[in-house]
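These are the structures in question, set out in turn.
Look at the two complexes coming up: subunit A is in both, with subunit B in one and subunit C in the other.
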Partner chain A sequence: MNSRLTSPTLRGDTRSPKAAQTRRVARFKGQLGAYLFLLPGAFLFIAFIVWPMLYSLHISFYNWKIVHPEQSVYIGFQNYIDALTDPIFQRSVLNTLLYGLVTVPGQLVFGTLVALLLNDRFPGRAFFRTVYYLPVITSWVIVTSLFEYLFNGQAGLVNFILQSVGLIHAPIRWLADARLVMVPLTLLGIWKGVGWTAVIVLAGLQSIPTQLYEAAAIDGANLRQRLRRITLPLLRSTFVFLVVVLTIGALNVYISGLLIDRAGSLQDEAHFVLTWMDKQTFENFNFGQGAAISYLLTLVVFVVSLIQIRLLQPESDNS
Partner chain B sequence: MTATGNHPCLLKAIRYVVLIMGVAIVVVPFLYMLSVSFKLPAYTLELPPRLIPNPITLENYKQVFAQPNMLLYFGNSLFVATISTLSTVAISALMAYAFALMHFTGKNLLFSVLLVGMMIPPVMLIIPQFLVAKELKLLNTLAGLIFVYITMNLSMQTFLLRGVFGNVPRDLLDAALVDGGTQWTLFRRVVLPLSTPGLAVVTIFTFLYSWDEFPWADVAIQDVTKRTLPIAIALFQRPDLTEWGQVFALSIIALIPVLIVYIVFQRYFVTGVAMTGLKG
Partner chain C sequence: MQRKSFGLVILTIICVLTASLSVAPTHAADVVTITYWHTHSAPEAAQLTKLIAMFEKDNPNIKIQDTAYAYNDFQKALLTSIAGGQAPDTARMDIVWVPQFAQQGALLQLDSAMSDFKTISDATFPGALATNYWDGKYWGLPLDTNTQVLLWNQKVFQAAGITAPPATVQEFADDACKLTSTANGSHQYGYAMGGTYFWAIAPLFYSMGGKIVDDKLTTATGYINGKESAAVFQMIVDLYNKGCLSPSLLGGGIGTEQGHGTGAYAMIIDGPWMVDLYKQDFPTFQPAFAPIPAGVGTQNSSVVGGEDVVVSASTPHQAEALTWVRYLMSSKAQVFMGQVGIVPTLSALTGSKDLPAYYQVFMTQLQTAQARLPNPKWGAMDDAINAAFTKMLKGDAKVQDALDQAATTINGLLAAK
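So, the complex of A and B:
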């Protein structure tokens, strides 16, 4: 991105000190303009992201007293040790990983399927695309209550259908058991995310040159061969991007777990990492512990993001 | 049915069958939401679960609007989402312009810092943002919501718009500069008008986020009169005595602005997403 908008001052260009100085002033003026463009955003970014992050790191090393912060006691890594050795935290990590292991492949498979089916022009395509995006634009609060209703323990639609087709004989109380509740939670995660995944895969599909398919068709390749030899390999970077973004999203699962927990009578075994952080912080008022848990999660998210950057690097070097 | 896959009619039929099955899975829950919002409380968990309410009633909608402050919540949400969206578009466009088209010391470093903002889990920031907002006296204020909503969107939207602005033809910019245009006029008169689809995508994303946001509002707002709609919807749910008709009536009301924004800006959506290079 070599902009010609400002002329870079050449180093060693000292033939005319006066000219060099004018240039320096001009460059400073140009730079000042750039900083003015950045100023409003930088102010907010520092006040509400950078400062909070440092603040959070600070309190994660304290037994933080929310009412009298000056009485907080420095305890080193104790919050982190306590968090990691806490069986409820360990369980919340397992739950979150399970959630990711189900929802990430689920969204990928169904999202790719929908994208492949919507890739060609055919009557009704715009309608289908709009409908599949509906859960994406609906808020987590609404879709969570919707799934709570559908998975109601007595007369929910899901129980009704399962009983009608004879799969179960008595209604299942989905929302009252720490293991069973993972079923509506993971299905909700997939249901809400398929539309977004499909849009991203569609964008990837449309960047594949059609000549490749034409050439393959001339060579007599059938549908499955074209899919395996052209489409999927060329979507590699799209899939890497999706796996990473969906994994980060799954690690951050929060609202659905929180609301189902509030509405029902679940025990601590049903927590995700972030719902447990929420409870430790705002119900048990253990701010230091909550901060430590969120830093542990951030660390994992950073590692996942770095893996993405590494995996996408050779791809972008070629282009 | 052999494995050659060369039966166009059969393939088309399969395509429609699969797509319609998918649509059913997506739409049936929404239809039930609509249906229950028109059912009397006694029928919300009837067996069998009927899709067409009998009798049909507007009672839930009346009840929702009869709640004290409900119009206020709607107004709060609209105010917060509108101001957050306009400010985010303006502020991130300014930053994106600097990062895409201007030269300054520390550009790469600052841009990397900005990108880190995209990797931080938003909920992770809730505790420290709560403490910071407390110090700045922003707890229990709509301004506290707006500042955080703008900031949480800045990294992503600046990143997207930088990609969009980078595609503005250089010759056009150089020509405008030669004609004596300043960076500000270039930004206003050349770059922004040429980036409408990209700005539309940013508008959709930011509006949806600010309208739907729950975790921060849940923590930052305790004052009843400052609540936004997501908080109100969540509060309708109580263990074992949820009034489903009212929950869904309110949900439908909350969905209407989202649908309007989505439908109005949708024609920009596909080109816009392509322009931003979102797919990574």
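So, the complex of A and C:
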């Protein structure tokens, strides 16, 4: 069969325009079913993702009037300039970056440790896997409220423990200070994300062939050497995925910031980018600037993700 | 035979459906459906359902379709519906949102659309009515209202040898410190505030003659940073520095409801909803209410809260929507909804025997209560005052300097279009 297809005569025939057209039609007919199956999904994607995104980009260049869009005034990049020169936005960017710088490594380190522990066989392993994953599936609203109680400045458990062991002499008002409030916020972010990170790392660990560890053991490699020379290098692609996804998640931090800020009366000092965008759009009715902020965030997420992928992928993958 | 019977059943169903469809348009043409969005709680919504039934009985050509939203979702839901051209015909919205939605062109100007607007509005509390005023026009009517009064814990007062709640601000400040103690290892504060946002300080602010801007809404200079306004903030900062005011107002502390109910806070200033909250959370606690203490040479005052009823500018059923609004503003409807904790806006109902007894103190206070600034930029102005207040409390700025900065920010917001 292969010899017929590769014969010079047949190859010559297939290059004729008529044959090429026939082949294209046949190929299209063959793929028609696939296109039809893709159509509903593509339609929904365009209608509910692409179109709103483009419309939002359009809004970002206007002083937007929501009831009478036709009265909206085109102001070019003014919304972007206003956002970038706004001290509250600048503060929100710093807060978001700080949150990411703490929570991403935190989740990675603790998630990996938990995954390494859960990878071993021991009684009750399934129970512990469930326990570590529980925060992931618990509502952000509920766990944020829990952390509000834990870090209450007058009657919180954290202050009580710290005072009991003599680490502090007076209660710390965690939720009343824009810098201190980052402690419960980042701890919450790490605690809630460890379970998910552990599951991904665990999947990576279980894909490593056991023969490699057996061979290393025969060669006399100890636990630390096996971790450094086998486990971590083979988890590289898992870590790249985790760093990118966790960073995107950190840059999109929203609910915990919104709720803890409200509880603490911190006004605009403790905003994250998304909470500030939400306030500008839905409380201040500054729709143009809200759209501009969302595009600035999208740009940052895109650039950061690109840099991370380029830096973390092995040389061979970059080529 | 079985197939024949099945065919007959199908034929009968088709005939019935066709007949009902042929009748439906005639009925639909006569009855107009008015949509009404609100944020009533479950017991209030149940009472509203009964009110709607009463209205529909009196107005058989109008059907009210109400939808309840959670407060936190409501503003977004309204915005989305307006942007999508599906705004509700009528809505009950937070008083501070009215100027914002009016500025967007979403609301019907009621003082021009209703020939009897003056008659209805004259019967309401002036402070509640003022929340509907923006750009020289009225965009809604005060549907229900509330204000804040002083709550004093009688047991704590008696233990400190004080027999009555403070009548003046000076007595209030003195009592706050007398009622503060650290005995028995627990800290009891004389006074606690819910936060540093303007709503929390507003009752004392207005009672002491404070003003945010001039009457023409042109400048904040000399008003928010004027002598009277500065005196209010200075009094609160002094109480805070002396330890007589709970530090919980900066966030992350024991809430005012819990603190007052347990005796940790001798005095708080709050609204009529506290009655139900205490019934639910602290059934044995009997809250005591008193008017806001008066400032030197000023009549006591407080701040207006509540909701206004508005009509969408794009409603195709303006006449029917206004009929529903008139009904909601009627004495009958106001008393009916008043039975489930919603304070009426008709000043003539003050002292009515048809309303719960505890309304008396709130409705009396409402006679002099003032609206926060009815302005689309109020949220940002509130933030400016809030930021200034926080700086003073944390010692980051002197009272006058912080208020001067707030005045500059508010002037910028007043000038912005």
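We take it that the second predicted complex is superposed on the first by the 271 of 319 C-alpha atoms of A that agree within 3 Å, B and C clash if a C-alpha of one lies under 4 Å from a C-alpha of the other, contacts with A are read in each partner's own complex, and residues count from 1 in each chain.
Just so it is clear, a contact is a pair of C-beta atoms (placed from the backbone, for glycine too) under 8 Å apart; a residue touches a chain by one contact, two chains touch by 3 or more.
Here the structure is a predicted model, which means the values were calculated and not measured.
Engineer: Let me test your reading of the model: by the given contact rule, A:Arg173 touches which partner, first (subunit B), second (subunit C), both or neither?
Structural biologist: A:Arg173 contacts subunit C only, not subunit B.
Engineer: May I ask you to decide whether A:Ile137 touches subunit B, subunit C, both, or neither, giving the answer as first, second, both or neither?
Structural biologist: First partner only, subunit B.
Engineer: Just to be sure I read the superposition right, which of the two partners does A:Asp268 touch: subunit B = first, subunit C = second, or both, or neither?
Structural biologist: Only subunit C is touched by A:Asp268; subunit B is not.
Engineer: Between subunit B (first) and subunit C (second), which, if any, makes contact with A:Asn284: first, second, both or neither?
Structural biologist: Second partner only.
Engineer: Does subunit B (first) or subunit C (second) touch A:Leu297, or do both, or does neither?
Structural biologist: In the superposed model, A:Leu297 contacts subunit B only, not subunit C.
Engineer: A:Leu251 contacts which: subunit B (first), subunit C (second), both, neither?
Structural biologist: In the superposed model, A:Leu251 contacts subunit B only, not subunit C.
Engineer: Is A:Leu212 touching anything from subunit B or subunit C once the two structures are fitted on A? First, second, both or neither.
Structural biologist: neither
Engineer: Can you tell me whether subunit B or subunit C touches more residues on subunit A?
Structural biologist: Greater contact footprint in residues on subunit A: B.
Engineer: Which partner does A:Leu84 reach: the first (subunit B), the second (subunit C), both, or neither?
Structural biologist: Touch partners of A:Leu84: none, neither subunit B nor subunit C.
Engineer: Quick one: is A:Lys65 in contact with subunit B, with subunit C, with both, or with neither? Answer first, second, both or neither.
Structural biologist: Touch status of A:Lys65: second partner only.
Engineer: Identify the residues of subunit A that lie in both the subunit B contact region and the subunit C contact region.
Structural biologist: Common to the two interfaces on subunit A: residues 148, 152, 154-156, 263-265, 282.
Engineer: Across the complex, what residues on subunit B touch subunit A?
Structural biologist: The contact residues of subunit B facing subunit A are 3-6, 11-12, 15, 18-19, 22-23, 25-30, 32-33, 36, 45-49, 91-92, 94-95, 97-98, 100-105, 107, 110, 113-114, 117, 119-129, 131-132, 136, 147-148, 150-152, 154-155, 158, 166, 170, 173-174, 177, 183-184, 187, 208, 211-212, 214-215, 219, 230, 233-234, 236-239, 242, 244, 247-248, 251, 254-255, 258-259, 262, 266, 273-274, 278-280.
Engineer: Please output the residues of subunit A touching subunit C within their complex, sorted ascending.
Structural biologist: Interface residues on subunit A, with respect to subunit C: 65-68, 148, 151-156, 173-176, 263-268, 282-285.
Engineer: Could you please specify the touching residues of subunit A with respect to subunit B in the complex?
Structural biologist: The contact residues of subunit A facing subunit B are 1, 3-6, 8, 30-31, 33-35, 37-38, 40-42, 44-45, 47-53, 55-56, 59, 110, 113-114, 117-118, 122, 128, 130-135, 137-143, 145-150, 152, 154-157, 160, 191, 195, 199-200, 203-204, 206-207, 222-224, 237-238, 240-241, 248, 251-252, 254-255, 258-259, 262-265, 274, 277-278, 281-282, 287, 290-291, 294-295, 297-298, 301-302, 305, 312.
Engineer: Would you tell me which residues of subunit C are touching subunit A in their complex?
Structural biologist: Spelled out, the residues of subunit C in touch with subunit A are 75-76, 79, 82-83, 100, 103-106, 195-197, 246-254, 313-314, 376-377, 379-380, 383, 386-387, 390.
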